[in-house]
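Structures given as C-alpha cells follow.
The two complexes that follow have chain A in common; it is paired with chain B in the first and with chain C in the second.
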Partner chain A sequence: MAQIELNRLSKSFKKNHVINDLSLSAEEGEIVCIFGPSGVGKTVLLRLIAGVEEPDRGDICLNGRDVTEAAPETRGVGIAFQNFALFPHMSAYDNIGSALTARERDKNVIRIKVERVAKLLKISHVLQQAPRELSNGQKQRTALARALVADPKILLLDDPLRNVDAKLRYEMRLELPSLLKASGSTVLYVTQDYKEAMALGDRIAVLIDGGFAQIAAPSEIYRRPATLEVARLFGDPTINLIPGRPDGGSFAIAGVAVPLGPTYASETGRACVLGLRPESLKLSSQAKPGAFPVEIIAVTPLNEKVVLLAHTPDGREIFIAEAGVEDERRAPGPAFAHFDPAEALLFDEASGQRIEPAL
Partner chain B sequence: MSLVEPLARPASKTMTDIALSLAGVDKIYLANTKRPIHAVRALDLDVARGEIVALLGSSGCGKTSTLRMIAGFESVSNGAINLAGRRIDPLPPARRGVAMAFEGYSLYPPLTVRDNIAFALKNTRLSAREVAAKVAEIAALVEIEPILDRYPTSISGGQQQRASLARALVRDADLYLLDEPMGQLEPRLRASLRGRLKNLILERKMTSIFVTHDQTEANALADRVAVMEGGVLQQLASQIELKERPANLYVATFIGEPPMNVFDASVETGETFTFTVKDGPRLSYRATEFGEAARVGIAKRPNAVIGVRPHDVKLGVGDNEARVVSNQWLGDQSHIALDVAGKFMVAVSQTEVAERPGERLRYQIRSSRVHVFDADTTRAVSHGHEAAEV
Partner chain C sequence: MMERILRGAAITLILVFFLFPIFWIVLMSFQTNEDILRIPPSPFFTPTLSNYTALITGKLVSNAGTLDIAFMHNLWNSVLLSTVSVAVALVLGVPAAYAFARYKFPLSEDIAFTLLSFRFAPPLLVLLPLTLYFQEIGLTDTYVGLVWVYQLIALPLILWIVRGYFEDISPDIESAYRIAGHSWPATFLKIAVPLAGPGIAAAGLLAFIFCWNNFVFALILASADKQPVTVGSLAFVTASGIQYGQIAAAIVLSITPVLALALYAQRYLVEGLSLGAVKG
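On to the complex of A and B.
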C-alpha cells in the first residue's frame, strides 16, 4: 500500500492557484523527487503534507490514515529545510535530540538514537559544537539528522542541498540515496536542480503550474518526456526545439528533408516541434543524406563535453554536445549535423504533448 | 545572415602583444591596524591584446579585489598596473579606458535601457544614427530589444544584468571588465549568450577579464583561466592545461566537475612503480612507462598524493575491484561512486553502468592518467608519463 497518497489536492492564495488538482502516491521506502522551476508551488506542497498549510480541496493519506484534518505533530512526518533552521543556542547533539524530547523522556534512549544517526551522517565528532561552529555541510547534516532521528515513516526534504557549496552538494548527491534508503523512510525530496532529481529520485514528479506534468523514473523522463516543457527542464545544454510539419516521415530543417523514420509517417502536415538533445546531434565535415548544414559559431567546453553553438542557414541557434572528442578539436566554420531518428522527440505544437511514435 | 569566418587565435604571444599587466600587486585592507587583511598577494598577471582571461575562485579568494583594483574602485597597496602602454593605477576609473559591467555598477534609474546603453557612447563623436545602430546590435546580442524603452527599476534582475553587459560591450575600450556577467540568467540563455559573447569578443579582439565562481563559465568563455585562492594566483593557464597539468593539489581538486579523486599513497620504485593507497588499492606500473624526468621526480617521494580524474577511471576492466556506493544516470552520462579506502572514488562513464549499489565493480587507472603530487608542498610532481613543470 502506498505510504503517501495525495488525492486531487488544490490550494490557492488569494486568487492564485498554487496547487491545482494534484495527485501523487509514493510507496514505502521510495524516494520521489518533486522537481520544477522556482515558484511553481513545490514548497507549498510540502507544507500541505506536513500540515502547516491546509488544502482547499482534496485529501492527504499518510501510512494509510487520512490526515487531511490532523495536526502537524500527529502526522509522523520528519522535515528538513533548505535554510537548516537549527536552534543557535543548542549544540548539534541537542538540536538533533530536540526532535525526540517531546515524546521520549529516557535520556539513554535519546543518546543511543542521536549517536546512531550522527554516525550514519558522519557528524559524531561535532555533536558538542554549536551551529555557528559548524561548516555549512555539517549544519546541513545536522538538520538532516534531526529529521531522521525519530525514525519518521515519511521524510520531507525541502531543497536541503541548496545552501551548501558545489563540491559538498556533489558529494551529498552521491551519498544521500544510500543514507535515505538506510533510514527506510518514504521520502519526498524537493529540488530545482534536474541533475539532483535524476541522481536521487526513484521517480521524479515534475511540477509545473501547480500540477504534475509527468511522474516517472529519471531515465524515462529524460528519454520520453511527456511534454515540451518537461523536455526543456532536463538536459544541459537544453534540448533543441525546431518547429515544423513532418512530411511523409521526414522533417524539414533549414530546407533539408531530414528523415524521422516511418514511425512518424502518420503525422504528415501536423504542426509539430522536433526536439533534439544536443548529445543526439553528430557532426560531419561532408554533406551526406539526412544531414543538414550548420555554421559552428562558438566552441565552448562544458565539463568533459564540448558544446558547440551553431546556426542553421535559416538563422536558428542550435546546441551540439560532443563527448570524448578531445583529440579532434573543433573549430568554428561550416559542418553538417545529423542524428539517429530513434533519438528524435516529436511534440504537438499546440498542446506541447509528446507524440508517441507508431510501432 | 552573415556567416562568420573561422577565427584563428595567435599561436604565441610576444611581449608587444601585452595589453594589461599587473606587476607585484598587493591589496591589503585595514593596513594600519592590528589585523590587516591581505586580500591579494604579489600578483603578476599579463593579459595579451584580444585575450579573454577569467579570474576564478571561491568567495574570498581575491578575484573581486583584483578586478576592482584594475577598474579603479580600489587603490593598489603595492605594485603597478599598466594598460595599453600607460600606467593606470594612479588614474581615476573614468580615465583608465576600461568598460565595466559590475554588479554594484548599476544602470542610471532616470534613463531608459536604450539611453543607458547610448550614454556609454556619449563622447565618441558618433552620429545619432551610428549610436542607434550600435545600441540595436548589442541589444540583439544580449536579447533585450523588447525592453529597450523600459526603465531599469521595471525590469528583472537578469534583464538588468544584460543591460549592464550591453552598456559595457557597446563601448570601444582598451579593456572590458565583467563581474559574474551571466550569474542570474536561465540556463539556455546563458549557454547561448556565452557562445555569442565569446564570438563577439574574438571578432573585435576585445581584451577582457571577467570574474566568476563558476568554472563552466570560465572554461566556456576564457582563453586562459587564473585560479586564485587565499589572495594568491595558483595557476594561470588554458582550461585544458588546468585539467591535464594542474600546478598543485588545490587547482587539481578545484578544477573539474566532478573534481579529481585524490588519495594519500606510499610509493615504491624500481622495475615497477607501485602506489599503495592505505586500506586501498595497489596501482603497479612498469617504470619504463614513465618518462625519465617523471621517474626521477616520483622516486624522490616515498609518500605522495595521487590523483585521477573521474573520466579517467575505466570501469569493468583492470585488477582492482571496489564496492559501488552509488550509480547515477544523468541522461547523457553516469556518475559512479566506488568505495575506495573508505572514500569515494568517482568515475564518469558516457554509457549506463549495470552494477547497482552494493555490487562490486572492477576498475583501471592507466599510468598515463595518474597525477602525482608532493605530499608536503602539494605541488605537482608528474602528470601521467610527464614530469610537472617546476
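On to the complex of A and C.
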C-alpha cells in the first residue's frame, strides 16, 4: 500500500499556478527526493502534505486515509523546515519534546525518547540550551530531532541541509540515508542540490513548472532523462547540447558526420538536440573515424576529474570531463573528440522529450 | 574627551529640564501652603507630612474649616478602572490582533482600521451621544460603563501594537507546533502569545498609562464616588484657595503606581525573545 498518495493536486496563489495537476505515490519506507530549481513549488508541496496549505483541487492520502481536509495536527507527519522553525522560548529539549507532548503524558517516556534521538544526532550536550545559543548545525539537528522523535510514518524534510556549512552538509549527506532508513519512515526530501538528491533518494521526483517532469531512480534520471530540462539539471559540468538533424544514423557536429548508431536511423530529418555528458566524451590527439575536431581552451583539474572547456570549429562550447588519474597531462590546443553512440541522448527539439532509441 | 564632556552636559541639561518639575513637586508635597506661596521660593523649609496625612485620612483642614476629600478612594478607582480596562482589552485585543495578523477574511483591513480610527477622534466628539446612551441603558456612573468606554482608549492601542508583533513571528514556527500534533488554541497560547510577550507587555503598559491619565470620560460619565485621581484632584481647588501642598502630594501618590509598573515592566520590553528563532 502506498503511504503517500497525491492525486492531481493543484494550488495557485493569486494568478500564479504553483502546483499544477501533480500526482505522486511513495511506498512505505521509501525515500523520495523532490528535486527542482528554486521557486518551483517544492516547499508549497510539502506544506500541502503537512496541511499548512490547502490544495485548490486534488486529494492527499496518507497511510491510506484521505486527509485533504484534515487539520495539520491530525495528519501524523513529522516535518523539518528549511529555516529550522525552532521555538525560541523553549530549550532544545522542549523543542524536541514538543512533538510528543500532544499525545504522551508520561514525562519519563518523553525524556527517554528525546534523549535517544538526541544521542543519535549528537546533540545530547546542548539539550538544555535555547535555540539562540546553538550553532547552525546544532539547530538543524534539533529541528531534525523534533521531526524524528515521534517516529512518524511520514517524514517531510524541506531542504534541511540548505543552511548548514559545507563540511556539516557533507557529513549529514553520509549519515542521513542510514538515519532515515533506520527510522522506517516514508520520507519526502526536498532539495535543490542534485548531488544530494542522487545520494539520498531511492527515487527522485523532478519538479519543473508545478509538475513532475520525471519520477525515477537516480541512475535512471541521470542516464535516461525524460526531457532536456531534466538532463540539464543533473550533472556538473552540465550536459553538452547540440542542435541538429540526424541523417541515417549519423549526426553532424561541426561539419563532421558523427555516428549515432542504427537505433536512431528512423529519426532522419527530425529537428533534434543531441545530449552528450561531459564524461562520455573521449579525447584523442589523432583524427579517427567518428571523431570531431575541437580546440581545447581551458583545463581545470578538480582532483578526481579534469574538466576541459573546448570549442568546436563552428564556435560551440563543449565541456569534457576526464578521470583525473590519467598520466597524460592535457594542454590547450587542437584535439579530436569522440563518444560511444550508446551513451548519446537524443531529444526532440520542439517538445524537449527524449527520443527512445529503437531496439 | 571633549565629546564626552559635551555629551554629559547635554544629558544633564535634558535630565534637569524633564526631571526638575518632578523634583519640585516632590519638594512641594512636603511643604505647607504658606511655604509654597512664599516669595521668593526657597528650597529650605521644615518638611511636613501634613499633606500626606490629609490625603490618607481624607480630612482636609484649611482656614475655612474641615473638608472631606475622597482622594484614597479616587486612587483606588484609578487602579481598579485602569487594571480592569487593560485586562478586558488584553482578553479581547490579543486574540483579535492574532486574527488580524494571521487570517485574511472579508473586511479584515477595514475593521482593523475602524478600530484604530477610535484613536483619531477627540473624545469630546463621542461624549455627548455616549452620555445620552448611557443614561438610557443605565450605565452612567457605573464601573462597567467606564470600563466599557475605556476600551476606546485601550483596545485599539493593544490591537495594533500586538498585531505587529504577531506578524513578525514566522508562521513556520506555529506550523511546526501544529504539525507536531497540537491544536490551534494550544499553538496560540504556547507559541504565539509567549513570542509576542514583549509586545503584549508594552501595549498593556501603554494602555494602562493612557487609561490612568484619562480625564474627560470619567469627568462626564461618572460621579464623585466612581471618579479616578485625575478628576478627583479637582477637589483641591477649594473655595478658600488652591491647596498646592495637597495637589503636589496627590500627584506624587498618583504617579507612583504607574512609575513602579513602568520600571518593573521595562526589562520585559527590551528582551529580544525572537533572536535565533529562525535562520535569516
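For the reader, a short list of remarks on this structure follows.
The rule we apply is simple: the second predicted complex is superposed on the first by the 356 of 359 C-alpha atoms of A that agree within 3 Å, B and C clash if a C-alpha of one lies under 4 Å from a C-alpha of the other, contacts with A are read in each partner's own complex, and residues count from 1 in each chain.
One rule holds for everything that comes next: contacts are C-beta pairs under 8 Å (C-beta built on N, C-alpha and C of every residue); 3 or more make two chains touch, one makes a residue touch a chain.
All figures in this text were calculated on a predicted structure; none of them were measured in a lab.
Chain B and chain C, once both complexes are superposed via chain A, fit side by side. When the shared chain is aligned, chain B comes close enough to touch A:Pro301, but chain C does not. Look at A:Pro72: by the touch rule set out above, it reaches chain C but stays clear of chain B. In the superposition on chain A, A:His17 makes contact with neither chain B nor chain C. In the superposition on chain A, A:Ala85 makes contact with chain C only, while chain B stays out of contact range. When the two complexes are overlaid on their common chain A, residue A:Ala50 makes contact with chain C while staying clear of chain B.
When the shared chain is aligned, no partner comes close enough to touch A:Arg270: not chain B, not chain C. Number of chain A residues touched is higher for B, counting chain B against chain C.
The gap separating chain B from chain C at its narrowest, counted between C-alpha atoms of the superposed chains, is 14 angstrom.
The residues of chain C lying in touch with chain A in their complex are 170-173, 175-184, 186, 191, 194-195, 197, 273-280.
Residues of chain A touching chain B in their complex: 165-167, 170-171, 173-175, 177-178, 195, 198-200, 218-219, 222, 232, 234-238, 277, 279, 295, 297-298, 300-305, 307, 309, 311, 313, 315, 317, 319, 321, 323-324, 331-334.
Interface residues of chain A facing chain C in the complex, by the touch rule stated above, are 47, 50-52, 71-73, 75-79, 81-89, 98-99, 101-103, 130-134, 136, 139, 146, 150, 163. Residues 1, 3-4, 6-7, 58, 187-188, 191-192, 194-196, 198-199, 216, 219-221, 239-240, 256-259, 311, 325-326, 328-333, 335, 337, 344, 346, 348, 350, 352, 357 of chain B touch chain A in their complex.
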